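For reference, chains read A, B, C and D in written order, and residue numbers begin at 1 within each chain.
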Amino acid sequence: MGFRDECGVTGIYGVENAAALSYFALTSLQHRGQESAGIAVSDGTKIKLHKGMGLVSDVFEQGHFEALNGSIAVGHVRYATAGGRTIDNAQPFMNSFKNGSIALAHNGQLVNHTTLREMLEDHGSTFSSSSDSEVILKLIVRKYIENGGHLGTPNEEENSGELNQQRFVEAVVQTAKLIKGSFALCIMTENMLIGVRDPNGIRPLCIGLIGGGVTGAEPPLEGVASDEVRAQGEASPSYIITSESCAIDSVNGRFVRDVEPGEIVVINKDGLRSKKYAEDKKRTCIFEYVYFARPDSEIDGISVQEARYRMGEELAKESPVDADIVIGVPDSGLGAAQGYARASGVPYGMGIIKNKYIGRTFIAPTQKERENMVFVKLNAIRSDLEGKRVIVIDDSIVRGTTSRRLVQILRRAGAKEVHFRVSSPQVKFPCHLGIDTPSKNELISSNHELEEIRKEIGADSLAFISLEGMRKAFGADSFCKGCFNGEYPV
Amino acid sequence: MGFRDECGVTGIYGVENAAALSYFALTSLQHRGQESAGIAVSDGTKIKLHKGMGLVSDVFEQGHFEALNGSIAVGHVRYATAGGRTIDNAQPFMNSFKNGSIALAHNGQLVNHTTLREMLEDHGSTFSSSSDSEVILKLIVRKYIENGGHLGTPNEEENSGELNQQRFVEAVVQTAKLIKGSFALCIMTENMLIGVRDPNGIRPLCIGLIGGGVTGAEPPLEGVASDEVRAQGEASPSYIITSESCAIDSVNGRFVRDVEPGEIVVINKDGLRSKKYAEDKKRTCIFEYVYFARPDSEIDGISVQEARYRMGEELAKESPVDADIVIGVPDSGLGAAQGYARASGVPYGMGIIKNKYIGRTFIAPTQKERENMVFVKLNAIRSDLEGKRVIVIDDSIVRGTTSRRLVQILRRAGAKEVHFRVSSPQVKFPCHLGIDTPSKNELISSNHELEEIRKEIGADSLAFISLEGMRKAFGADSFCKGCFNGEYPV
Amino acid sequence: MGFRDECGVTGIYGVENAAALSYFALTSLQHRGQESAGIAVSDGTKIKLHKGMGLVSDVFEQGHFEALNGSIAVGHVRYATAGGRTIDNAQPFMNSFKNGSIALAHNGQLVNHTTLREMLEDHGSTFSSSSDSEVILKLIVRKYIENGGHLGTPNEEENSGELNQQRFVEAVVQTAKLIKGSFALCIMTENMLIGVRDPNGIRPLCIGLIGGGVTGAEPPLEGVASDEVRAQGEASPSYIITSESCAIDSVNGRFVRDVEPGEIVVINKDGLRSKKYAEDKKRTCIFEYVYFARPDSEIDGISVQEARYRMGEELAKESPVDADIVIGVPDSGLGAAQGYARASGVPYGMGIIKNKYIGRTFIAPTQKERENMVFVKLNAIRSDLEGKRVIVIDDSIVRGTTSRRLVQILRRAGAKEVHFRVSSPQVKFPCHLGIDTPSKNELISSNHELEEIRKEIGADSLAFISLEGMRKAFGADSFCKGCFNGEYPV
Amino acid sequence: MGFRDECGVTGIYGVENAAALSYFALTSLQHRGQESAGIAVSDGTKIKLHKGMGLVSDVFEQGHFEALNGSIAVGHVRYATAGGRTIDNAQPFMNSFKNGSIALAHNGQLVNHTTLREMLEDHGSTFSSSSDSEVILKLIVRKYIENGGHLGTPNEEENSGELNQQRFVEAVVQTAKLIKGSFALCIMTENMLIGVRDPNGIRPLCIGLIGGGVTGAEPPLEGVASDEVRAQGEASPSYIITSESCAIDSVNGRFVRDVEPGEIVVINKDGLRSKKYAEDKKRTCIFEYVYFARPDSEIDGISVQEARYRMGEELAKESPVDADIVIGVPDSGLGAAQGYARASGVPYGMGIIKNKYIGRTFIAPTQKERENMVFVKLNAIRSDLEGKRVIVIDDSIVRGTTSRRLVQILRRAGAKEVHFRVSSPQVKFPCHLGIDTPSKNELISSNHELEEIRKEIGADSLAFISLEGMRKAFGADSFCKGCFNGEYPV
């Protein structure tokens, strides 16, 4: 709790109402970004796009779906920092070019986009936004054209008026090799859907099958698990590629597998093909498990909720304390709290309520009331806490201000002791790969000792999970830990 | 899950920014009604009102609070059935009359409003809505005037241009005695705030103290618990009267006590006075605990969350089953599930996720997609369920349709067995006291045996808590059980 | 230009789509008020109402018309001063009472509403708004009930469950005799439409016939002019009662006649009946002709546009000046300018353009730009003015500020001389009968000599039409001249 | 009346609040397009952009102006055909590229944009819209880069991080020479404003001076008329370049001169410089005078209103008819009607009213009412027409449907004879240069004889002005007459 992810992406192939399913899927990814939403759809000959500022349900109205007919779609929800809150930066980006069109949705952040942008500008490219995602799009197009012959001397094939799918895929691969940073991409042309994940797999991306359109009656297809999925019988299968598996469930699809780090998957009328364009150096962002992702999602073979249970269990082993109740800070702290309870034997309770009606239009009438808005957002359950020694689990501490308020609220409700436990290690370094963290000097762990932080937030005790505890919880060490130790994979 | 309450009410007395605090309090009561919201405010000489359709945060914008200056306020959030979704029925109702104005917010439902309305109409009253709440308002005014002398022959005092507060309170008392049904009322005049609760106390209403306006720094007043609360020292205390104690917390106030069934409390410049106008026949609506109220609220001395734990515990004792995990249907089924887990020893898990971004503007693009919207609203956590014997706790079964879908979702996620437990008895009769239940023939328990229902929803086993179990859970029997056995207190 | 009227009203009887026609008619009356709009419709058993803040086209959307089915309707557009801009004061007002419902739309202003309100309050009435129109509504109901027997002792007939139409009409007549001031009313019950005009006929009201629903093909009925209009042949005729005849044209109806001052017209299944409840003391508000009404309307037998021509002609006779061009201030000054041109022989030209896209949402980005907004609203046509002696006709001068700006704009465009002529006499007194005039000390004519005003606005010469000139223009003297000489008819 | 123009453009240089003035100027150009609006602003280092669908006053709110700070701006209002009504096509277009950014607003239509787009695509350009205006923007950037050295081998100067203004202007000139069709362009970089008009000058563009920001008090600068305008004394002058001179008036500026066909004007810190990049083949679109432009604008030395008077005068000479009144169809037919009246001696009258409250949200509740909406939009003034022989002047006849309805309305109001006169010749060919005309077979004049058209619209007589009459009215022949005779200048 305290910083947030950047985006959710989705791609649909082969269903009649691709825009409608995208709308469902994006609603399931809404927790990844509430600033803008968009869907691009192809009817086989043309890509149409609608995007706007706000929640998915604000941006899309009945009328839009009539216009957005087609069976291939990519969609995007965006989390934006204050500076970039303009329609120009809303995704998907769509561009038409020689022989075709491309729409692209990107979750992640490039570290070499300035260099690439300059390189493209040197060759004449122009940009309508400040987004690194537009750089990716332009780069793909440039590679596609370069592959087709010398610039300015288009070859015959190119003039045939059809996008060369193989050449386009090659351009995407070349691009994926050039761009550095985190990227999970859904890319479409008029007739093709492509998913790409960066070699570190920092942001998640997974593949699902949609069984014969979306009817609750029809069961999802069975037994699909191989790398090459093809249509059995007459009808081609329909696919979804998306940030989290919960979006697959939302369209009543069936999870197939994750896109692997360094993999590109191409879906067209011949089915799904896969290609590894880079070595898999798996370094998933640990915070996807800690709080970005929905607990009902599974990322890289690990259930998010399961991971949270285990982090809580490890935390209980590392930093036990005598107490009467364990509670979690909603929503992402709940799983770890339940895990802590299991491992420690201290009973689990709800303890804290988060008001779910506070959206972007909720205002503090005056400055005076602004600081008291936290009492509307969070409240304690007195009967769970009064006279008790309370262990409260949060997923992280960033600036420390929210944690301090939280301890106050628990004490106001009668908590005798407040033991603060954090299911992620101390965040000491800003993220350059897609998380909106504050600058180093605003990170409380970056310039305070543990005891100082404890005093600052007013807890009776404070502990973070260790890096080693984290490793144990996951039974693996294949994660980016840049924000903990400053060692970034890119 | 399946039917819903009607309203939330709030009254504020004695703070500078009464409208702003009402806005916070109503946001905390938003779960009680999302159809319309309104706040009436008095600056001591005049009552101003703003209300509109939608969420509190949609209805109120920055500019409204400048206009709504004053230190006394009543507010309302409304749940409306399709038929009554018009601005005419939005509350608070405000009327001016001889020597004053009155604003009224009502949670509940009268059973004799038709008779009273006719009586008033016989005497010349007109109504601008179809609401029974307007009937209450008109009745108060009529009683006030009748008390002042013969109709049409106003006495001297009345012409002095000031509302006679004592006579007004008397009129409210007379009205409270005349109206039958459920009512929790917040009533204001230019200089007075009144709270009234029906003799059965069917809907909740409680009193809080606000410590010196709303600044987080200032501690809420200490040691206030007597029936007669008065200002110590120079400054008069500030009060809040509201449906649930969570609203008191939201304005950083301190819970004092419930308004008792059959009690009227009057707050004016002389402090708070209380009067019992009827014998306390306490018959609180059990569903306030089962699912209306927020778990962080305390009603009539019983914590909502605690009640849910205990209902779960009783349910575990009554209907145990061998299983691997207990899960609850969010949000109101969670507490009972946690209680069930505690009592049974079966581990508690999250199991189900509810999408919190689905508001009133969320649409199904086409009819075809309408039935699949449930997959966007609810999803299962596979890692909690796969291959497991699952106990799922919901707060109620009304029509059965949602329960059937839920079982499907759990099975889709791999649940080996699904044991459905319900933390309320079977609802067999429609409610006439404020709950929007369907007609008798739509209530699945009204015309189906338990085994039929089990088959209908597709569960491996099904059990409801017994009325006796309920009694044990609460350690009391002072509840309305009309919807279970058809015996209504009114 | 400078002050504005209060409202437009409309009533429809006997067409299938009464709400849709009301929507058209109100759009035609939109110039009479842009603050709120509303339509109440009866389907024979129940009255439904929708109203909201803003333009007719903002308040009503496709969906509303499905809900507002029925063949009788009253509608209202409202001009509001800053203080009363709340939904509470939006019209029509609707109330249900013993045996029926009533919806009422009122254009005008009562002078004795405080007294009447107090009288009603003495008898127990309550009010949900500060509007004098609500007083009228309550008074009608009270009279209806009083006529039915002693209060509190309803007679048998009353309990039959049907509104007694004759008794209701009687109540309206009694009310019309009690209320003093200006009023043009459209009143409906579930089965009846009533139009009433005050004895002075200060605000306009007229009757039209709608030929067999609204199809352009069908010709309006012929030869209808008598006081008693009845259906010939099988089908009952359909009627419209409305503020201005332009609204009759908008529904492709045919103007029949004005409602006379002191007349009430009742339309029900038996056709239209008329009754004079008071002597006709015709004192129409002269400003209806000067600028409220649309030029395509005819009021009390006088065409608005024709009246403006003639006022211009008289003004030319009274205050001639050597000049090269005559121009009018849009929109209401154009007719007088054309008349002045005709009578004087000075050529007419357009001269000034008014930007028609400046609505309620048009803002000045900063204070600095606020005073320059006039340049966006009005502009001069240089080719009409450069080097010329210009006569400019406006309909009135209230505060003088706009006139001064206007003269500046004309001079900026090269006008050599600017001769200001005003087609109404000097406004020296505020209006108590429905016009939103500023207080006396803001009326420039109230405390300045003609020459002082001329200097203030910067014109080379200035003249107002005389009261006598006005009389000549109309060939009659039956107008309210309160704002000119302080002598009000009420 | 019947077809419409495409856009209005504006550029501001050298005022503090450039966005606010653009907002005023665009509001003055709103008649040229109501589908979308946008403003791009530079603060010297960065260009910010806001655009949206709808009227200028809908798109811009208070908050936008704080973000849009800067002293250089370009703005755009757009008329869009149904197909292109998406935010993607809204203008200005903004792109950043090597060493700078560019924003561009375009009024007009290219005839060779497909070829140019393909050429650019061959070189790797991508497009985010279907607009030909984006082609112009990309072409400028390409030329700028080409001028700087071989592609991919940026020279030293380019890498200095500053846009080379001289080279940029050269790129604009090269582009202007390549593009064919109609174009009036406002282009800006971070530090420069450029206006360009096509060699035929088909769409208008003019230059104004803004006197020391916008304060009504300060007089506009005097005596500025030369081709090279420079700052006298200390302060640099501020400029506006815009489609019509009425926009200059709206910011209280002073008209300087038109941009000449084939001219480019460049404004930067050194003042205004001009360059002719092509021979002036002046072929202004005659319909700018006939109905696009506001009557208070002056285009290429001819006042729009004056032109309309003269067209009316010529029409009177060519096609006289005995009549009692001459009326014009609002708004663009009024000037010609006044001219016809002057020349013929037949009195001028208003005759027709157009409802100015019918905007984009005005709907016909049902299909049945759709065809009757014309009665709400237009109405006749009976007193002007009844029993009279009427001459009605419209600016054009396209499909003939509106004209037929209009004649019906006049006859309904009692017109004895209706003589239809049209102030433009018969439109027989679709426009390829920016006017949204229907296809040839929908143009009534394209496939009907005059007498057939007369019968179709139901007039007693019908006449169009001749091409020769048009020539006489303007005293010149330098107009595009493509839609009359099929001979296009491009």
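Note that a residue touches a chain if its C-beta (ideal position, glycine included) is under 8 Å from a C-beta of that chain, and two chains touch if they have at least 3 such contacts.
Only a predicted model underlies this, so the values are computations on that prediction, with no experimental measurement involved.
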Item to check | Distance from the mean Cα position of chain B to that of chain A, given in whole angstrom | outcome: 37
Item to check | chain B-chain D separation of Cα centroids, rounded to whole Å | outcome: 59
Item to check | Approximate Å spacing (C-alpha centroids) for the pair chain A, chain D | outcome: 46
Item to check | Junction residues of chain C - those touching two or more other chains | outcome: none
Checklist entry - Think of each chain as a node with edges to the chains it touches; is that a line, ring, star, complete or other? => result ring
Checklist outcome for this item: Touching pairs of chains in this structure are A-B, A-D, B-C, C-D
Item to check | Contact footprint of chain B on chain A as seen in their complex | outcome: 17, 19-21, 23-24, 27-28, 30-31, 34, 55-58, 60-62, 65, 214-216, 220, 246, 249-252, 294-296, 298, 303, 305-306, 334-335, 338, 342, 347-350, 353, 355-359, 361-366, 368-369, 371-373, 375-376, 379-384, 408, 412
Item to check | chain A residues touching chain D - in the complex, by the definition given at the top | outcome: 49-52, 86-88, 93-99, 102, 118, 121-128, 130, 137-138, 141-142, 145-146, 151-152, 154
